[in-house]
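The structure appears below as structure tokens.
Chains here go by letter, A, B, C, D and E, matching the order in which they are written, and residues are numbered from 1 within each.
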Amino acid sequence: MELTLNILGAIATIVLAFIVGMSYGGIVRKITARIHNRMGPPWYQNFIDAFKLIGKTTAINHGIMQHFGPAFVMVSSIVSLMFIPILNNGGWFTNLNFDGDLIFLIYIMVFGPLGMALGAGQTGNPNSAIGVTRGLSQMVGFEIPWVMALVALMIQFDTTSVTGLMEAQHETGRWMMFTSPFAFIAAVLAMLGMFRYSPFDIVGAPTELASGPVSENGGKYLFTMMSSGSIFAFVKLTLYVDLFMGGADNLIILVLKTFALYMVPVLYGIVSPRYRTEQSIKFFWGWPTFFGFIAILYAVFV
Amino acid sequence: MINDKNSQKIVDIIQNWARKHSLFVLAYGTGCGAIEIPPTMTSRYDAERFGIRGAATPRQADVLLITGYLTTKTLKRVIRVYEQMQDPKYVIGFGSCTINGGMYYDSYNTIKVLDKYLPVDVYINGCMPRPESVISGFVKLQQLIADGKGNGAKEYKENLESYRANQKKIIPNWVMPDYNW
Amino acid sequence: MVGSPVLLIAIPLLAAFMIPLLGMIWKELVRIIPGLVLAFMMISSASMLMYVTNNGTIIQTLAGWEAPWGINLVFSPLTAFLATLMTFMGFIVWLYSYRFKRNVDFEPAKKYFIFLMMLVAGAVGIVITGDIFNQFVFIEITGISAYALTAFYTGRNSAEASFKYLLMGALSSSALLIAIAIIYSQLGTLNMADIASKIHLMPAGYKVTALIFFMMGIGIEAEIFPLNGWAPDAYTEAPGPIGAAFAGIVVKAGVYAMVRMVFTLFDVSGAMDILLTIGLITLIVAETAAIRQEKLKRMLAYSSIGQMGLVFVAFGIGTLEGVYAALFLMLNHAIIKPLLFLSGSQLVFNSKEKLIKEVNGLGKYMPFTAVLFALGSFAIVGLPPFAGFWSKLSVLTAAANEGMLLIIALILIVSVIEIVYYFRVVNRIYFFDKAEDLIPQKPRVNAVIAMSVLGAIILIIGFNPDVVSTVLHNASADLMDTPQYIKNVLSAGQSLTN
Amino acid sequence: MIYLIFVIFLGGAALTWLSGKIHPILRDVVFLASLIVPSVLFYMNVEVGQTVSFSLIGYKLSWGINYLGYLFSYIVVGLGVLAGFYAIPAMKGKKNLGFFYSNFVLSIMSMLGILFSRDLISFFIFWEIMTWSSYLMVVFQGKDVQKVGIKYFVFSAIGAYAMLMAIVIIYSLNQSMMISDLVSSFASFDPTMQWLIPILLLVGFGVKSAMMPLHVWASGSYSHAPMAYTSIFSGALSKMGIYGMVIVMVSLVPIIPEGFWLRETIAWLGAITAVGGTLWAVAQDDAKKLLAYSSVAQLGYIIVGVAVGTPLAMLAALFMAVMHGLFKGALFMVTGAVERQTGTSNFTEVTGLIRKMPWTFLAALMSIIALAGIPPLGGFVGKWMLYESLIGSSHYILVIVIFFSSTAAFLYCYKFLFGFFLGQEEKEWAHVKEAPAMMVVPMLLLAFGTFVLGAFPGLILDPINAGMQEMGFASTQGKYWEMSMLFNEWGDQIMLQPILYAIIAVFAFFAIFLTIKGFKKTRYVTTKDISSSGEVPLEHENLTFSVNFFQPFLRTVEPLMKRQIDKYYNEFGRGMEALFDFTRRVYTGNGQTYALYAVIFIVILLMFKNTLFGL
Amino acid sequence: MENQMFEILRYGIYGGSISLILIGLYAALTKRSLIKIVIGLSIVDGGIHLLLIAIGYVKNGTAPIFSPGFENAVDRMVDPVPQALVLTAIVIGFAVTAVALSLVIRLYRHHHTLEIDEIKNLKW
């Protein structure tokens, strides 16, 4: 019985993440359009796209890795979702989150890009492989400040568990973005890269690489990629909210907080041109890393 | 349940609705008409409000937009791109050149009637067609899809041999992989 | 016990002069007689070694004159050990050079074996004599036969090498004579034991001067640094087995003479440090020179000099352990370096310039020789489980027990250099392509036997060093125990009259 | 019994060589038997703590195995036997195979001997046997022998002689060669020696484990040895350095006053090794070189763990050592298989083998996932523990450095998979077949091992725990997670099944979804059928992207890679050779000069006799 | 007086022999001709032999032979040992010189010169 409930809860979580993530995507398209002084598509446009992609009657692949690549990506998204506390008090969305810690999350989050990279590699499309190399290079860039921020938190609260960090946050009663501001700055700057909006969209660079790693994926493959991307966005946002913004007591607060956070990379991206790979790596190893370093010093000495 | 005709119909209706509202366009800029695509997509005319969106590769695209005249040299590529697209897929012939050759009616190296080589679902008349007419063409396509009449791909598959014959007439050295479907 | 000490000198000398006569009877006797003589010497000295180990030193006086007056031969554990080693090496060299060149004429073979006999006799004489002038004579016998053997090939280079050797040798004999003159003028005796017992009577200035002249005189034979200019040339130009004989026999005799002088005859306090310093300088200079050599035998020669430096370092440590280590090193070097010379000269047998690069790829064509050369290289750089490792280890422990960390470090650094040049050659033998025009020489059966005996000894000592440790312990104790030596000789406790 | 094992090894080595002259098949059988028989005897009959003692020229020697050695013996024997099976088809048709196989056996014997040594002398002897047998393997293929082989051997010799110096110093202080005596009396040595001995020993072990300034031999040697051997060279032999380092770090360093600094230095050296190795691995175009540098980097992590030395860090390091043996062994085998089937191991030449060599790919994929430290495979467990231990012991900057390196490792991980197996299927490699089963099975077994250990790390953590307990750590049996002050939610559970289950469930669901959805309409197309702007790539057109693979990244990190320590060594070597060339000119070749030397010698001695002879 | 003279003479002989040694050494070290070098070495030998004899000499010495009428001359006998030594040394020196000269001949055949500076094929 408990198991059934757990599974139901997990499914509910996934559905929630899917819906929220997809809606955010649509809303972003809408906002972008408004900034461009356009009408833009409806906010549910992404759902329509996704549904259409399922409805594609044919699909091709170049081999087993391309076939299963999207599944790898999905594993990364959903498993990390399972290990992240959605709400402060758990409830329906508890899942496995008491077992999760940050190091595990960092690594399981890499699982997806690797799967995507394998799928992209198998297609034999040079654009895909180039996109992948760029993506991996950029990942080396933004992971540094991100991990520095996380390490700063771990030092400060003596735990690597997400739930542990959240509890600590509750005890102090203040959001971590205020108790450890430098870590927050570093993490947010790293987040810019994580979401791959411009100026860090070199990976998929539409006019240059023909959408990069996914350029050979259509139909169901693209659908899986897209929905896992949406879930993943939700995962990342929730994680940030959990860590830096005190988590959320109910879904509405969660949505508000994640949405507010989401606007940072989106709005920054809309008004930015695109960095080359070197530039983006150098960007991440510059100020964000510096802030990360300050955050660690702050955590050690304050 | 899938075999049940009625339910299949319902599914079709829903799917067609989705297809109609989500057109990923591969704008193959074959001729001068390509200049009309940017205004169509950007702020002034904003095709995205119809769910029309650019696609980067044929694998992801639903609509192949042939913008203008098609030289014999480009035809091969266009056929290739079309065949790489996933079903269901649609072709829009853009401008007079795709209908009857337009101002290139007597050119030795353009094809005159696109329909002989690819199953065109919607023609957009004009030389050049303005973005308004492009959008109206898309709306027409959406209607066709909603009615379940956007069957260009099916037609192409059924009449593949005649299409191939026509194509091979234009393209002398035919070194292409066979159509996968 | 077979034979007696005097026979070890008399028989080979006699045989040396009998060889031409016997050769008239049957030409093959020229080759066979030396073998028989050397075999007898080997067996005899080995049996006496066993006797000495069990029963103590044998002192043999010649012509009935008692110790301080007459000449006596001392067969103590140390000298017995060295004599056995030398005669054994002599036998191996004979075995190897039984038909050194396939179509060598009668005349050269005759000369070769005459001088080889004299060389062995002289070297054994240096070791077992108890009289410094007698020792001088034996040094000269060894020297003259060595000059002649160096010039055995009639090429221009061998004459040049021989002349350099001779020049230095003449200086050496002069220095020795001067030293003998000084000692005799002060103490009026030439017997080693007698000198040792009276040395404290000698004024310090004379004593040191005599020691210095001795050091120079014997140092030339023992290849210490500034005096060893002749050595690389002689090793390079002498026939391969003679190079082996130099490394295995002559130099060992020189080293023995040197340490007997420093440890037994003179009680000069600073001599040990001088020995240590000279040894260290020799080691470093020779090994660094070896790394840049282009000729194989010349490289081996420098390596040999370097090893002698290491032996002197070990002696210079001055403790019983140091002496033990030095003797162990001498033993190993006397086995391994001849193996290298023999197999090395086999490898470059058909090449004109005898360059290192001419051994390229010979591992495939001369598998046995190449394996033995590689084995020798592995052993001499001190890789376990081969013989060289144990001696290196004992040197290092001896030095460590005296707290000489810097010296340990230097020895080890030099060992790295050694590894570089030996492995360069081994690599060339096995992993390079053979030069087109070089025809590999097939070793003859006797050469193979000679080399494989040495190889087997290397393995045996390597896997079980205990087989030699008793002998070495006795020998080192013998060298360190001067009063016992004096007592043995002067009282002639167990003298043998003949 | 212990003697018997080594006698069988030695005899097996000799017999292998001899039987090679009779018949190749006999040789293979003898070879395998001489690997397997002693191993079986070892596991059946030898128990921990059982020792035999004997004495050799005055040194008391003793052989026996302890728990730590038992742990390492798993790597040595397991990898050795598998690589032995792998070697037979892999080396088929090469020359001098008798030599190769007997050396192989000797190598395994020497490694086992190191683990058996309870005294320093036999430790050193086996160490040197290991060194030269591996050296002979490095130069076995005869390419670039002088450069690579000599470099390897010189560095090994420097390490070994540093170790030998430490050994003789220990002997002079202790008059005993037993390791246990050293450990018990180390505290009574004077502080200079307490510093000197561990540093010398660490230099020795650092060379074998490719620690930073001593690592320059590694890339060349790992890539030049036959791959069948490199899998144990990198997988097991380098672990001997780690084994020694563990002993030093645990038994000696804590006793040193201010030994903290030594720990920190070694840890930082390890971290720099990891970063440098990773960056250079990313820059390689040859699979062997890539894996070689990757080994250097992985050993860097292990060194960090050993040097930090908290119980969790030690647990992590030992776990990673075992894991590294598994996955790096498998990866080198994969490279060997690819090289055997295609004739090259260069990424710019080989592509798209996934459908030609699916099983090899599977092994490569699993090993790479383990290497990258991605859950659920075993590599993750080690990295996880390492991070936690570093954070727990306040090595914050070190964590970042390690993390940087392991993130950058994804780059070369992907390069390896992509270079060989993914990408365009070129016509040139159309004929390539899957490697023989005898090669594929060992690497699949190793790869599967990473999977098992990822799900059930307790299997190997228990032996590690036994080894650590023996070295004086408190028992951690059954509470590995609690050791981490940071994270103990998993209580006494030593399995990571929740992760595994979650991953498998999700993966299975979506794999099924992707497969079933439109099953009939899902088609496979060739890799030439890509959206290349409508252009039809012809058969001979090479569309593979493999040159300058990570150019932007490398351009970014160029300043870091400019400082190549190899260059300084080369400069130093050249300088020394010039110096030696100069000094040997004292031998002018003129007999008179030599005579003059003699006169000068005697004059100097006579002039300074008072000072020199202490009159 | 006579004693003094004898001592002076003795030291004169010592000095003479040492100067012979030095002269020979000078010749061996500075002369470029092989023949002269060999001659120099012989001179050194001669000096040393002289030195040895001088060491053994006793004032008004007689031959160390016990013969009728000279039974009490033991005190006046010169030391026989150095003489024996010198005899041996002379023989050895002779042998060495002979070998040296034969080598010189051979070197001359090959090099057509006696300059020692020219004969440096083997070096370093």
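Going forward, a residue touches a chain if its C-beta (ideal position, glycine included) is under 8 Å from a C-beta of that chain, and two chains touch if they have at least 3 such contacts.
Quick caveat, the model's predicted, so the values are computed rather than measured.
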Remaining touching clusters (ignoring chain D, no chains moved): A, B | C, E
Touching chain D and also chain E, the following chains: C
Length of the shortest touching-chain route, chain A through to chain D: 1
Chain closest to the middle [Cα centroid of all protein chains]: D
Chain separated most widely from chain E, comparing mean CA positions: B
Which of A-B and B-D has more C-beta contact pairs: A-B
Between chain A and chain C, centroid-to-centroid distance (C-alpha), Å: 79
Centroid distance [mean C-alpha coordinates] between chain E and chain C, Å: 29
Separation of chain C from chain D, taking each centre as the mean of its C-alpha atoms, in whole Å: 44
Centroid spacing, where centroids are CA-atom means, of chain B and chain E in whole angstrom: 118
Sites on chain E at which at least two other chains make contact: 28, 37, 119, 121-122, 124
Multi-partner residues of chain D (each touching 2 or more other chains): 521, 523, 525-526, 528-529, 531, 584, 587-589, 591-592, 595, 599
Residues of chain B touching at least two other chains: 57, 59, 87, 180-181
Interchain contacts, given as pairs of chains that touch: A-B, A-D, B-D, C-D, C-E, D-E
Sites on chain E touched by chain D in the complex: 25, 28-30, 32, 37, 116-117, 119-124
Chain D partner contacts - residues on chain A that touch it in the complex: 54, 56-65, 67-68, 70-72, 74-75, 78-79, 82, 96, 98-99, 101, 103-104, 107-108, 110-111, 113-114, 117-118, 121-126, 129-130, 132-134, 136-137, 139-140, 143-144, 147-148, 151, 154-155, 158-161, 163-164, 210, 215-216, 219-221, 224, 276-278, 281-282, 285, 292, 296, 300
Of chain D, residues touching chain B in the complex: 521, 523, 525-526, 528-529, 531, 533-536, 538
Residue numbers on chain B that touch chain D, as the complex places them: 28, 57-59, 74, 76-78, 80-81, 84, 87, 175-177, 180-181
List of chain C residues in touch with chain E within their complex: 133, 137, 140, 143-144, 147-148, 151, 154-157, 159-164, 166-167, 169-171, 173-174, 177-178, 180-181, 184-185, 188, 190, 232-233, 236-237, 289, 292
